[in-house]
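After this come two complexes, each holding chain A, first together with chain B and then together with chain C.
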Partner chain A sequence: MIRIGIPRALLYYQYYPMWKTFFQELGAEVVLSSPTTQTMLSSGASRVVADTCLPVKVFCGHVLSLVKECDYIFIPAIRSVQRRVYNCAKFLGLPDMTKAVIPESPPILDIDIDVNKGKRVLYQAIYKLGRHFTWDPLKVRRASIAAWQAHLNYRELMSSHSLTPPQAIEKMLGSSEVEPKTHSSHSTSTQGTIAIIGHPYLLYDEHINHRLIHRLEQAGNKVLTPEMLTTEELESAIVKLVGRAYWTYEEEVVGAGGHYLESRIGGVIGIMAFGCGPDSLMMDVVRRQAARLNTTPFMSLTLEEHTAEAGVVTRLEAFLDMIYRRKRKQVEVCV
Partner chain B sequence: MRIGMPHMGNIFIPFKAMFQRLGVDYIMPPVNNQRTLSLGVKHSPEGLCIPFKLTLGNLIEAAELGADTLLMIGGYGICRLGYYAKVQEQILHDLGYDVEMIQLGVSERKFFGLLKMIKRLSNNAPWTKIVPAIRFGLAKSNALDRIERVVQKVRAVEQVKGTANRLLAKAVKAIDQADDYNTLNKVRMDYIDQINQINKDGQTQPLIVGITGEIYVLLEPFSNLDVESELGKLGVETRRTLFLSEWTKFSFFLNSLGLNEKARIHKAALPYLKRDVGGDGWESVGEKVLYAKEYDGLIHLAPFTCMPEIIAQNIMPATKENIPVLTILCDEQMAKPGMLTRLEAFVDLMEWKRRAQKNH
Partner chain C sequence: MKTYLGIDVGSVTTKFAVLDENNELVTNIYLPTQGKPIEMVQQGLKQIKQQLSNGADICGVATTGSARYLAGVIVGADLVKNEITSQAVAALQYIPQVQTVIEIGGQDSKIIIIRDGIVTDFGMNTVCAAGTGSFLDHQALRLNMNIEELSRRALDSQTPVRIAGRCTVFAESDMVHKQQMGHRTEDILYGLCQALVRNYLNNVGMGKDIQPPIVFQGGVAFNQAIVKALREELNNEIIVPPHHEVMGAIGAALLVHEEMVNSQNGSKFKGFEVSEIKYHTSSFECKACPNLCEIAQLSINGQVLAQWGGRCDLWERSQSR
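Moving on, here comes the complex of A and B:
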């Protein structure tokens, strides 16, 4: 059986159930890399030039860990999944870049996704990918329909049950797939409600964000994430802030940020990676909005491979202290 | 309506000529200087590239001088450049400038977009006036680039270093002041002659270095610490892969007719990079492959944190076609001594390589 390697990084969090279903329907075995470790991060970082962004370094680490484990590695080049909204250059160059920096990697299965070119081109691209496994176009068609259904189920599961991507993947595909996840204790006395915004590959990679969600929950906070908002809520916030989405994953930052800043919660934490092109702009839009509204505290955390745990913890504690103090003050004023 | 727009090398000269002919009130911000950079850096998010910071500085300085309508490049499907106008507008508003930003799209329908925008700026001037104005602007841009090509050659071999650059500065001024085609042609021929007559070291065969990378840092000497002149001082002839006049000609006019000057470059890049990654990343890889045999070395200029160029930088070492490449990342922290040291080492390396080839 052909083994397809899928790195647990970048777009894994958005599309894994879809990809897994597609390849399994075509009779392949899917090998997923294990959760990020320091070794992976260092080995990935050693391959690319220094100012490559953190998520791509992590990605390369995952690919390296899969080199001996599979026959192909699946790295799509996703240019656009919405008309006239484009993706970051790094996603487009990912297959070619991986080939260049990891020459020992197994052959890379890539697929060009660009909805601006029309449905026919998209279907042809999918068929071309399927051809690695079968000649039968109908089989590819069945597999892609099943994959799309899996994707819809996954999205539905996240928005209706307020689940994070790792929790939803766990629920859909069984627990063996997912990193040990500490479930929120849901203590009755929540200290505050904190929203964290950013791309899933930063929010849910516990190694690179130093278990941020876990820390917030342990401190007795309710944590909100971008996946818990509906598409309409996200889109209306984007329209309000920048008019029209420019980036494919803009809703995770500008949409969620714009929405949560106006939803009377304790605070908003923006998480971005150092050297991330789109985020450096989008986070600034959110930061400016926070300063203009001046109602909800906002903190942005920039992650990179040198980010030390102690630094993150200190900033987090200071931010939480400020929110608690603010809350106490408001209560006193009311009394 | 008082128009302001950012600088990029000599881009202000064709625009100024065009605006003058159309009677548009154009306010030119000071050419890039330390204050522009400081202003830009102060008000920009830290992770952004030097083109954003410098253009923001230009826009602020234009607004200070009273410009109320600012032109900025925009569009979709390119790198984050398409988002810049939106964010810069917010920054200017937050600083208290009541300005309107007009985006000039460089991605889709750019030819008609450009015409429409000029029509709007010129207060609905008739097309019979707009078209000649654009033509005259392009003619100035052409003249500038033709002189610069000569300067690149002479700079490497002139006896008294700096002569060609001085003449170039004079030529730029004269072209800026030329009012009609006759004067323009005269100025162009005049200066090309003068530059060609500079005393040269007849014997030396200078090293030839290709200069590739991101368009803004290629065309704006302030952002790359004038790397081409520094190479000239070291006796190296530079061949820049991109000139403003050519770029405008193709991306605004000929591309709409289906002509693509980059097809050859893209084809060369294909084995290593199969798709456009925005910006000039694809071209950088292709140019390395193409010029590996022609030049002694390649200087790859990129702004710090430039997304497409990082992809290119990662892929470049993997190509079979080999040529020494020096990547220079441009940002506000870059200092001249550091760059010079790297350039000197690079030139030494190319010289050894050439000598080794000769001895074989």
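Moving on, here comes the complex of A and C:
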């Protein structure tokens, strides 16, 4: 059986159930890299050029960990998933960049996803990818329909059951796919509700964000994430704030940020990667909106490989204190 | 007399403040940390014991600052609080109408925005320490003068020169260049102070709504040249409270006072005897997973008191005790 390696990084969090279904339908075995470790991050960082962002360094670390484990590595080049919406250059060139910096990598299966070029080109691209496994176009068609259905189920599961991507993947594909959760001790009393916004590869990679969600939950908070919102909710917030999205995945930052800032919750925390151009522009839109509304506390955290745990912890503690003390004051005023 | 002790263990200095039941400052101590946080906490406790009258009873202890967890384990803290909350609470105690708190310490700097007595926004410097006390210290050392002299001479400047303050490395080469061009030392020094203030406002203060009254706290507030540069840059009065250098410790003491009154529990303070105990620190690499975390541990006579530094909860059991 052909083994297809999928790095647990970048777009994995958005599309893993879809990719896995597609390859399994075509009779391949999917090998997933394990959760990010310091070793992966260091090995990835040692390969790329200096100004590469943290998520791409993590991605290369995952690819390196798969080198001897599979026959092919699947790295799509996602140019655009919506008309006239653009993706970061690092996503466009991901397969080529990986080939250049990891020459020992098994052959890379890539696919160009660009909806600007129309459906026909997209279908041709999918067929071209499927041809690695079968010459039967009908079989590829069936696999892609099943994959798309898996994707829709995945999205639905997250928005209707308020699940994070790791939780939804565990529910759909069984527990072996996600790292075991050590913390089952959810605090009974909910101190507040905190929304975290940003790209899933930052929000759910516990290594690079220093277990942010875990820390918030330990402090007794309910945590909301962008995936728990419906596409309509995300889009209407984007329309309100910037008119129309320019960047692919803008809904994870501007859409979710705009929505949560107006939904009467304790606070919103924006997570971004140091050196990410699109993030710095999008997060600023959210920051300005937070200042304009002046109702919901907002804080942004920038992650890079030198981010010390102490820095994250101190900021989180101060942010939560700010929310609790504000709440207490409001209660006092009411009484 | 019931008293409350706040300990602020920063990267450069360690501060202690004792408040009485009316939140009046009884005594305070300001020591250099010198990279020895445990010894300095012990030394500070020893000095406090000497300064306090016999009737004084410590009814609550809180720690803050970058070594707050370590110090908390050593003294048996009732409360471990982050620096931002502590600084804000202390500022509100002295200047209740405060809207902006500027705090510049040895290695980090903060801005806290307060409206109607509650914190609404804050910012902290990131990995870069340009724009903090160490930056000035370093330059003073290079010019072979102490920091008091730097402050005094900078105030004599007539026409300050422009120094690039974005990075200590650039600032230094800029200063050398200006020296070699024949500018007066005083003008270069004040230019340096202005650079620090600009750097602070552009980094930490970026996007923050700075409104008066503005309170300036932290060790760097001793430096009159920086106060002047801030006043000129912000075009507003800068209030330096009387005990600006120990505000973090005062805030911690205020918070633990409030906490102890609310909880009605007895203090977990281990007593002044901890200054005599020999603590032993060590570290090891955890091999439980590929992350290879560096675990630091604190022990007395081979008995482990606390362990931390891991990315998971495997070793941090003792902290919750």
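Some notes on this structure:
Basically, the second predicted complex is superposed on the first by the 328 of 335 C-alpha atoms of A that agree within 3 Å, B and C clash if a C-alpha of one lies under 4 Å from a C-alpha of the other, contacts with A are read in each partner's own complex, and residues count from 1 in each chain.
In the analysis below, a contact is a pair of C-beta atoms (placed from the backbone, for glycine too) under 8 Å apart; a residue touches a chain by one contact, two chains touch by 3 or more.
A quick note: this is a predicted structure, and the numbers were derived from the prediction, not measured.
Under the clash rule set out above, the superposition-derived model of chain A with chain B and chain C shows the two partners fitting side by side. Shared-chain residue A:174: touches no atom of chain B or chain C. Of the two partner chains placed around the shared chain by superposition, chain B is the only one that A:77 touches, whereas chain C remains out of contact.
By the touch criterion defined above, A:322 reaches chain C but does not reach chain B. Once chain A of one complex is fitted onto chain A of the other, the partner contacts of A:88 are limited to chain B, with no touch recorded for chain C. Counted by residues of chain A touched, the larger count belongs to B, out of chain B and chain C.
Between the C-alpha centres of chain B and chain C, as viewed from that of chain A after superposition on chain A, lies an angle of 80 degrees, to the nearest 10. Closest CA pair between chain B and chain C after superposition: 6 Å apart. In the superposition on chain A, the residues of chain A touched by chain B in one structure and by chain C in the other are 287, 291, 302.
Contact residues of chain B toward chain A in the complex are 45-48, 76-77, 79-80, 82-84, 86-87, 90-91, 94, 272-279, 281, 304-308, 310-311, 313-315, 317-318, 327, 329. Chain A meets chain C in the complex at residues 37-40, 182-183, 206-207, 210-211, 287, 291, 294, 297, 299, 302, 306-311, 314-315, 317-319, 321-322, 325-326, 329.
Contacts from chain C toward chain A in the complex involve residues 66, 81-85, 117-122, 124, 126-127, 207, 209, 289-293, 311-313. Contact residues on chain A toward chain B in their complex (touch as defined above): 48-49, 51-53, 77, 79-80, 84-86, 88-90, 92-93, 95-97, 99-101, 103, 110, 112, 116, 242-243, 246-247, 274-281, 283-285, 287-288, 291-292, 302.
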